[in-house]
Each structure stands twice: as C-alpha cells, then as structure tokens.
Amino acid sequence: MEIDQLLVQSLQLLGLGMGAVFIILTLLILLITIVSKIVPEEASPAPPTAARPTISPDHIAAITAAIHQYKKRR
Amino acid sequence: MEQGLLQLWASTGLYNFTIGQIGMIVVGGVLIYLAISRGFEPLLLIPIGFGGILANIPVAEIAGPDGLLGILYSAGIESGIFPLLIFMGVGAMTDFGPMLSRPSLMILGAAAQFGIFFTLFGAIAMNVVPGIEFSMADAAAIAIIGGADGPTAIYVGSRLAPDLLGAIAVAAYSYMALVPIIQPPIMKALTTEKERQTRMTQLRHVGKLEKILFPLLLLLVTILLLPSATPLVGMLCFGNLLKECGVVERLSSTAQNELINIVTIFLGLSVGSKLAADKFLSAETLGILLLGMVAFSIGTAAGVIMGKIMHRVTGGAVNPLIGAAGVSAVPMAARVANKVGLQANPQNFLLMHAMGPNVAGVIGSAVAAGVLLAIVS
Amino acid sequence: MEQGLLQLWASTGLYNFTIGQIGMIVVGGVLIYLAISRGFEPLLLIPIGFGGILANIPVAEIAGPDGLLGILYSAGIESGIFPLLIFMGVGAMTDFGPMLSRPSLMILGAAAQFGIFFTLFGAIAMNVVPGIEFSMADAAAIAIIGGADGPTAIYVGSRLAPDLLGAIAVAAYSYMALVPIIQPPIMKALTTEKERQTRMTQLRHVGKLEKILFPLLLLLVTILLLPSATPLVGMLCFGNLLKECGVVERLSSTAQNELINIVTIFLGLSVGSKLAADKFLSAETLGILLLGMVAFSIGTAAGVIMGKIMHRVTGGAVNPLIGAAGVSAVPMAARVANKVGLQANPQNFLLMHAMGPNVAGVIGSAVAAGVLLAIVS
Amino acid sequence: MEIDQLLVQSLQLLGLGMGAVFIILTLLILLITIVSKIVPEEASPAPPTAARPTISPDHIAAITAAIHQYKKRR
Amino acid sequence: MEQGLLQLWASTGLYNFTIGQIGMIVVGGVLIYLAISRGFEPLLLIPIGFGGILANIPVAEIAGPDGLLGILYSAGIESGIFPLLIFMGVGAMTDFGPMLSRPSLMILGAAAQFGIFFTLFGAIAMNVVPGIEFSMADAAAIAIIGGADGPTAIYVGSRLAPDLLGAIAVAAYSYMALVPIIQPPIMKALTTEKERQTRMTQLRHVGKLEKILFPLLLLLVTILLLPSATPLVGMLCFGNLLKECGVVERLSSTAQNELINIVTIFLGLSVGSKLAADKFLSAETLGILLLGMVAFSIGTAAGVIMGKIMHRVTGGAVNPLIGAAGVSAVPMAARVANKVGLQANPQNFLLMHAMGPNVAGVIGSAVAAGVLLAIVS
Amino acid sequence: MEIDQLLVQSLQLLGLGMGAVFIILTLLILLITIVSKIVPEEASPAPPTAARPTISPDHIAAITAAIHQYKKRR
C-alpha cells in the first residue's frame, strides 16, 4: 500500500479509536452513576469491624493456642 | 578421541556464537541488571531478560519449536492464553472502588489513550526512514505500547506482529518502569503551580453491590459495542467478579497469587524467546523504542490536558495532575501524580484520586486494543 | 472513514446478536446471580455462568477452536484431565474416617445410585415426547446427574454426550445446591417421626493405617471388577493417599488448594463454553432439567428406603435419614440429614454418621459411571 | 434403534449397574471390616495433642516475636 | 441381559489381567510401601508408584495416548518441560552460599561424577550378558543415575532412552533414598580414623551480590563451553536468580512451592506410566538396578578419594568425608557425611562444609548430562 | 556396532566427560574466587535483625487484633 493511503487510514483509526474509547467510557460513567443512585445505600461499615474478616477463626484458634504455649514456656 | 574432542569443540558456544547472539545476551543481562538494581518492573523484566539470554544460546535451540521456550511460546502466547490469564489476575487484584466513587474521572483514562493512536500515525509516518518498514499491523502493535499496560501490549503484539513482540514488550515494561522519570517534566510543563496545588474532596464510600455489578456492566457495554475487546475485558471482569462477589475467596486468591505468578514466569520466559538477534537488533527496534517514548509522552500530555479541561469545567474540583495517571501503568503513574502533587502542596494527597483514572486507563487501553484488533487484523 | 465506521459498526455486538445468544447471556447472568445471592455452588456456577456469557458473545469466538475457552475445553475437558484432577483434589480433601468407622453404612451410598439408573430408563422413555431424541449415550450422560457429584457428571458427560455437557453440568450443580429444598420433603414423607428421632451411637476411632490402606483397597477392588471406573476412582484414591500417608504434606496441600482452584477456574469456564445457544435452548435441556430433578428425588428416596431397611435389620441402630446422604452432594446432603434429624430430636446429631454414606455415595457414583462408560460407549 | 429395544437395554443397564454398585461396595465393606480387625489397634491420640501440629514452630516463633513487638509498642 | 453381563465380565480386570501387569502393580505397591514406611523419597516415589499401578490396569488404557498419564507424559516428559521446571524449583530452593564460601571444594563435586562415566563403560560391557542389549544411548541414560539427581536423570533418560525411563527413575530415586546405607561403608573403607576426625574451619560470610552473580556466571560458563547443558543449567540458574535477586519474592516463592509441587505430582505420575510390564520386567531392569548401585558406589569412592587428595594438599584442612557428598543426592549425602564425621569426632560438624560439594555435584551432573546429550544423541 | 568399538567409544566419553566436568568446575572456582575479591565486602548483618523481616506488618496487625479479641473473650 502507498504510504499516503496508510497515513490516511491511520488518521481514520485515530478518529475511530478515540471515538470508541470515549463513547464506551462515557457510557460506563452514565451506567455507574445510575447504578450508584439505584443501589440502596449501604450502612458504611464501622472501621473496627472492617478489620475483623481478615482474621479467620482458625487463625484466632492457632494464635490463642500459641499464646497459651508462649505463656507456658516462660 | 580426537573426533570426540572435535565434536565437543564444535558443540561449544565459543565455536558457534554469532555476534548478534552475543549482543542479545548482553541485552538480556542489561534488562536483568536494570530490573534488579534499578527496580525496573522486575516481575516481568527478569524472566524476559533471562528468556532472552536462553533464546540466544547457540546450538541449544531452547527457543526452537522443541525447546522449552518455544513450546511455552506457542502454547501460551501464540494462543493468547498467558496474557488473558494475567489479565484475569489483574482483575482479581484491582479495586475499582476509587474509580466508582467518582466515575466522571474515567474520562481522564479515555483521554490518555490518545498516546496510542497518535503513535500509530507516527509509526506509519516512520516508514519514510530507510530501513524501517512498518505495516499497519506492525504500527498498531507498536502503538499499543502507549496503553502502558503489559498484558494488553503482549496480547495485541502477539496477534498483530509476533516478530516485533520482544521489542514491544521490552519497550512497554521499560517505559512503565520509567514513568517516574518520563511523566513529571511533562506534567509540570503543562500545568501551573496553582493548578497542581488543587486539593480534591474525599471520595464517597462505594458499596459492595456496586462493586459486584461493575464488572458485569463493563462486560455488557463491551459486548454490545466492541466484542473484539471482550477476550481482554472479559477476563479482567471475570477476575474482578471473583474478587468482589465474596463467595469464591479461594478462587480469587489463587487467581491473584499462585496462578498469576506461574503464568508470569512462563509469559516472561516466552516473551524473552522473541529476543532473537535477527529480529531485535535492527533499525526497527530503535524505531519501536522511540515510538514507545512518544506514546507515553503524548498519552501523559493528553491526560493532563483533559485534566486541565476538567479543572476548568468543575470550577477547580479536579487537580489536572491526576490526568497523567490515565495512561494506566498501574499503580506507578498514580504514585507519580501523588508525588508531584505533594511537591506543590505538602497537604495534597492525590493517590486515591489518581487511582480512578489509573484503572480507567486499563479499561481504556483494552478498548483501544479491541478497536485495533477489529479493524487492523 | 465511513468505511471504517461501517466496519466497526458491523463488528459490534448490537449488529451481530442473535436472539439465542442474548438468551444465553441472560442464562449465564442468572447462574451468576443464583451463585452469589443464593449461594448456589458458587465455586463452579460463577465460572460456568461467566463462561456461558463469554461463549455467547458474537464475533469474538471465545469458545471457538482458537479462543481461550475453546482451547481450555479441548485441552482439559475433551481430554478428561480437568475432572480427573478435580477428583484428585476431592480425594485429598476427603476424610473417609467416618465411613471406615462403620463400613456397613456404605450400603446406603450404594442404594442411592438407583437414582442414576432409574433416570437412564426415564431418559430413554422420554423419547416418546416429540422434539426430544436421546440416544443411549445421551441418556447415560443425563442419568449420571443422579450421582450428585460434579466432576463425575462432567467426566461422563464429556465422554458420552459433549453436546449436552453444558446442560448436564448446570443441572448437576444446580440440584446439588438445591439439595436442602429437594430432599427434606422426600425424607419426611418416607419416614415416621419415630424413625427420624433414632439416635446413633458414637463412631469408633479409625487408625492411621486403616486410612492409608483404604484408598489402595478401593483401587484394587475397582481394578479387579471395573477397570473402566479406574481413571475416576484412581485419581480419587491417589489424592486420598497423598492426604493420608502423611509423608507428602506439600503435595497433598497443593492438590487440595492451589491445583484444584486453578483447575476449577479452567473447568468452570470450559464447561460454560458449552452453553451455546443452539445446544442449550432446546426442548432437550428442559428434559435434562426434569430428569435431573427426578434423578435426585429417586436417589434420595432409594437411600431413605434402604435406611429404613437397615433401621429394621439393625433393630433401630440406624436412623433412616442418613440414607438420603447416600446420593453424595458432599457435604450438603449430610448436613441436610443432620438438620432434619435435629428437627425431630434436638439432641440428635447425625452429621458424622451421615458423612459415611455421603462419601460412599461418591464412590458409588464413580462405580456407576464406570458401568455406563464400559457398556454404553 | 427401536425405542422398545432401548427401553429393554436400559432396564438391563439398571440391573447390571445396581448389581455392580452393590457388589463393589459390599466387597469393600467386607475388606474394610477385615482390615480393621487385622490392623493393630492404635492408641487413640490424646485430644490436646491433636491440636498441636496445626501450629508450626515457625508460626510460634513469629507469633512470639509479634507479641514481643506488640508489648514493646505499648 | 446375558449379553450385558458377558460384556461387563469381559471388561473386568479379572478377565483381562496379564501376569506382567499383576507383577507391575505389585512393584508399584512396593514403591509406595517403601516411600511411606521407609521414607524412600516419598515426594517422587509415591506418584511414580501410583502411576505405575494406574499404567498397568487392563482395559483402562490410562497410560495410552488418550489416557491421563499418556497425555501428561507426552506434554511434560517427552517435551522435557517437567524436569526443567523441577530444576527451576530446585534452583529457587538451593542456597549456593556454602559452596561460594569455599569454592575449591567444588572439585569434590566434579570428582564424584566419575561414577557416571565409569557406569557408562560398565553398561556397554554388560552387553556380553545374553538378553541384555544396551545401545550407547541406553548406556548414557543409565549412567546418569550416578549423577544422583532425579530431574537430571529423568531429563536425560527421556531424551536418550524413553523405554528405560521407568527403571532409570526408580533406580535413581531408590538409590538416593538408600544413600545412608550405601555410602558409609565405602567412606569408612577408604579413610583412616584420623582423616575422618579432621575438623574444618568456619565458612566465610558470602555477600548478597556474590550470590546474585553466581547463577549468571554459571550460565555464562555453560553457554561458552557446553551449550547442550544449558536447558538444565539455565533453568537451575533462573530459579536461583529468582531466589537471590530479592526483588521477585512472589515468583521465587511460587517456583519453589506450588509450581514445583504441581509439576512433581504430574512428573511422578508420568514417569510411573513408563512402568509398563513389557519394558520393566526384563533382564535389562536388573542390569539397570545393578549399574545404578555401581554408579553410586564409584561416585562416592571417587569423591572420597579426591577428598583424601585435598586433605593432603591442604595440609589437613579438608575432611575427606565431605567428598562423598559430591555425588549430590541433596541434602541426604551431606547429612550422611555429617553423621559419619560425628561418629569419628562428636565435635565435628561437617554439614555446612558438605553442602558445598553437595550442590556442586548437582552442577557437575548437569554438566555431565550436557556432554552425554551433545555426543551420544 | 561391535562391542569393542562401543567400549572404546565409552572410554573416550569417560575422558571427555570428566575433562569437561573438571574444566567447567575449575573455571567456576576461578571465577567465583575472582568475584569474591572484587565484590565489596558487605557488612555482615546483625543476627537479631535477620529474624525481623519474616513478620510482615499485616501479620503483626492481625496478631495484635487477635490478641485483642482473645483478651476480650476471657
């Protein structure tokens, strides 16, 4: 293909591509905004609670046992 | 005995080396050096660099069709599986919360993709240089470096221009590592001190349900408008759904840890296998490195300029610096925005505000990849 | 430009959608919804549902021979590798102790397989319905839903009726999730209040050596009598041996964690790829859903009736409710037996007693699968 | 094939299949029972000991160190 | 019905067994027994033994081209991928520090490779025995057992003599497990009490940078002199670089845990698939077992003799016992050297001193493998 | 091939192989020694410091929280 033709085609791609990117992201902005209005407000979780799920009951059991052993050893 | 000695000598590297192979082994070593001592994206550049060394060993044919790297390449890169699995892991690691809390900032992640398409034009224009011959597919594969997103670049590169894949991947990850050096001068040149001092209000809390719905919405929009982007976007959404849905913790954990680690090792080595001397040591690689730099710079500039526009439109509610994070290069570009912001105003914490455009940039470049794959291939 | 726009428009989902694809994307969404908000076997139904969505995206061909799902399907399901690896992981996670401590209860796990073979008969009989045409292989693949065991159903389905695999897997996992709704009415209808109140004596302690020997014994019996079941039973035994032998902790841990997680993701997506509109949206799928329900119900009933027989024979030492756990659906069915038992007598903890028939049901349906594969294929 | 023939065949499969399932599981019951008689009785492990192996020495070391640091911080 | 019964009977193991298959299932059982109750390299011998059982089940064809083991074998062993990934994991687990702190001891790891090449000669000589016919490739594959390194033996065996792979792998791992029985008498016979009492001075501290540079140096030397060894040595170096570079902790961790575990399971099962009766139950297997024993003994002796030479040359600074660790069999042989040293002198801790020759032996046998692959194949 | 010929060839391999092994390992010894001279001496790390990195801040946070919960429960 001639370079002129390629240049024209790449300019077209620039237009199409940026167009697609903007259209899709704009659509997403709209949808996200709509969803955030529709979705019932969550009670924002209290900070101390948020920390809890990272510690599984197994972990706590293990740590509890470890503390036990630690105390016994001394 | 003598014959055996000769056979052994004829099988040594010393006897069989070509100058190009030596050069590429040095290149591999340099990548490893940069990764270790400069912290250049070590997770990828160490495997890529090492793969590059292995691929250029004479006689051993490790990158040949029956060698380890050759087999990994055809199983994982040619098929597209590795970058897609990486994208799934990225999805499982990404918190879209900051983006969802202020969706309008996504427009910054769109603007920064201008770097991709401008570079496409530049790559075609570069054909006037003698010794460089980029087809439209080559140009598109090079342009995607501007997406500042590794797996996207590798996915598009492997589909459109496998011969250039080594150089494209090296350029993409190198420039991602260089973001703290490339971006600040551009950001400062395009903004005033006062703009950079702009403080942004705290982000609203995003609920669990919104986070679960987002990957499904994103997939839906992509399906409707740009199916050619759905392999990439789909795996990103799948990984993110695993993370956010809260009921498949063990799958999410595996996707973002062991699985992505395994695939990263394989992907890096495979991509390195494309650092063959005859393909890499050419004028075209120089062109790719140059175009990659252009792509990052233009993308950054476009993001910042869109940031300035939003700054005006919103009456100063948006700090234009976060526009630079729109190129993606997660999370490096967001950190850079934060750092430059702090220089202007030590109370100015932009990190979470920049994360929105930052992850939007990942989506933006996946969309751009979809356009390129739909039209060019 | 115009041409490019047309090309882009012609590549959109909006332009290319068929009504069937839209329908299947909705089905995929429903599966994901049920998995997340109703807790329907999320580990499998989220990947299956998502795979179903990806497979029905127009243009993208993700389930085609060169697409991610197509490649995963042919590498892992067509070959049988994925379900076998899952079975290995299941073996590494299963404690056969409760079963070994009172082996006679295994007979309950045998009786419940009646659901499989009755359904086979029912599927053939359904051929009188116009629009439905089940071959013997189809019927066998559908019948195995009554085994209430996911990997077994997928293994048999992929061997005997790959076209029906999507519907079979969806039915199998959906009904497994519905066990708490399907089983209790049947259990209550077939037992008297007094029977349900039966308390069972504590289980004897099972030694380490017995646990190590069991997988080897099970494999030996299967080799001698039903080699066609040895791929499934063998991998189950291998996984269990890794767990029980005590000297390869790291292999056992990987088999029941990272490896099974990775394979679950891939298996789910691959199975989802069989949710193609033309295969799924048919009278036959309705037939499969109906037959699956029949299979679960008959299996439950057969288990409970055998439980009643054992109740009589042992002079009231066996609570007939645990017979329902013989269908497998581990560990859900055992929990259901426990719950119904507690309703009759709040001191009546049947869980560990029901685990024996429960895991025996896994073996029972693997044996049934072996018979079907040996004779039908 | 005629449906009648298929129905007959599926009835045969019902018989064969349930037969195989019962034979194999019954044989297993026998074998397990025999094995449980032959295998020497294990001293059943004391319950407190059973809990221990889940905590590795490394874990205990880590936890011990953590407790240390925790105490120091206060 | 009658026909169905006959069909089922004709598909039983009882009906189809050959005496050879029964024999091999017993062999598999023995391997598992040794692994569990004697601690014979259980990580490998349990999967190999189990794979051997599965491969000899009549009718099921699990080791056939469409069976699980057959597929794993061709994907992972025929291609060489599994042993290479294991080697990567070994690299990520190996601390070369003790070797680097006193590099001269590496010469012990060289001397012990004499076991390999002497055995090669012995295997060829064994052709005078009727019923045994070893080609040069067979002999080379058998000889590598003397390298006392599992993945190296499997890699070379799969390249040069796939039919003998089962026996070679079984011999290699069995003798590695038997090192505490095979080595001490040889060590004691060749050394004086006084030599064994020799204490060694503390090791110097090895810096981080030296550790990072070592895998790159090793690879460089191998590239220059023996490219045919670079697949093995390269992956060892890659794994070790991941470990030592300190910036890719997550890749290093995955390489030495989940990934090596997964590959170990698959590799063991695949190797087991080569325990087919017609190949294994032959005079050649006896020859291989005998030659393997010779290889270990000669290697041990050569290491100890070189140790004695170093003892003299250094004026008593080297305990000759650590020469035995040069065969590799990491870390068993180093522990044996330590134990025999403690018997001679309870204050004599040789473990860390023996680790140097021990890991040098891994490199030595990888180099020997390279020579064999370059000249024989 | 004649066995005599094979024996001769295997003797050659013995020589070549052991030669290659010794040359390569000797070369490595030289290189390692040179590198150890060139590379700047590291300050050898203090032993107590070495133990610390195994406990991540997250871990400490988790354990701290666990200790908290443990104390509360009693």
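By letter and in written order, the chains are A, B, C, D, E and F; residue numbering begins at 1 in each of them.
Keep in mind that, in the parts below, contacts are C-beta pairs under 8 Å (C-beta built on N, C-alpha and C of every residue); 3 or more make two chains touch, one makes a residue touch a chain.
From a predicted model like this one, the values you see are computed outputs, not experimental measurements.
Chains that touch both subunit B and subunit C are the following: A, E.
Between subunit C and subunit E, two chains of identical sequence, the interface residue sets overlap only in part, with shared numbers making up under half of the total.
A centroid comparison over C-alpha atoms places F as the chain most distant from subunit C.
Each chain's centre was taken as the mean of its CA atoms, and the one lying most distant from subunit B is D. A separation of 38 Å divides the Cα centre of subunit A from that of subunit F.
Subunit E and subunit F have centres, each the mean of its CA atoms, that are 18 Å apart. Averaged C-alpha coordinates put the centre of subunit C at 46 Å from the centre of subunit F.
For subunit B, residues that reach two or more other chains under the stated contact definition are 4, 8, 225-226, 258, 371, 375. Touching of two or more other chains is recorded for residues 9, 13, 16, 20, 63, 67 of subunit A. Interface residues of subunit E, counted against subunit D in their complex, comprise 1, 4-5, 8.
Chain contact summary for the complex, subunit F toward subunit B: residues 9, 12-13, 15-16, 20.
Of all residues in subunit D, those touching subunit C in their complex are 1, 3, 6-7, 9-11, 13-14, 16-18, 20-29, 31-33, 35-36, 39-42, 44. Residues of subunit B that touch subunit C in their complex: 79-81, 84, 88, 212, 216, 219, 223-228, 230-231, 234-235, 238, 241-242, 245-248, 250-251, 253-255, 258-259, 371, 374-375. On the subunit C side of its complex with subunit B, the touching residues are 4, 7-8, 11-14, 16, 25, 29, 32, 35-36, 39, 42-43, 46-47, 50, 53-54, 57-60, 62, 66-68, 71-72, 257-258, 261-262, 264-265, 269.
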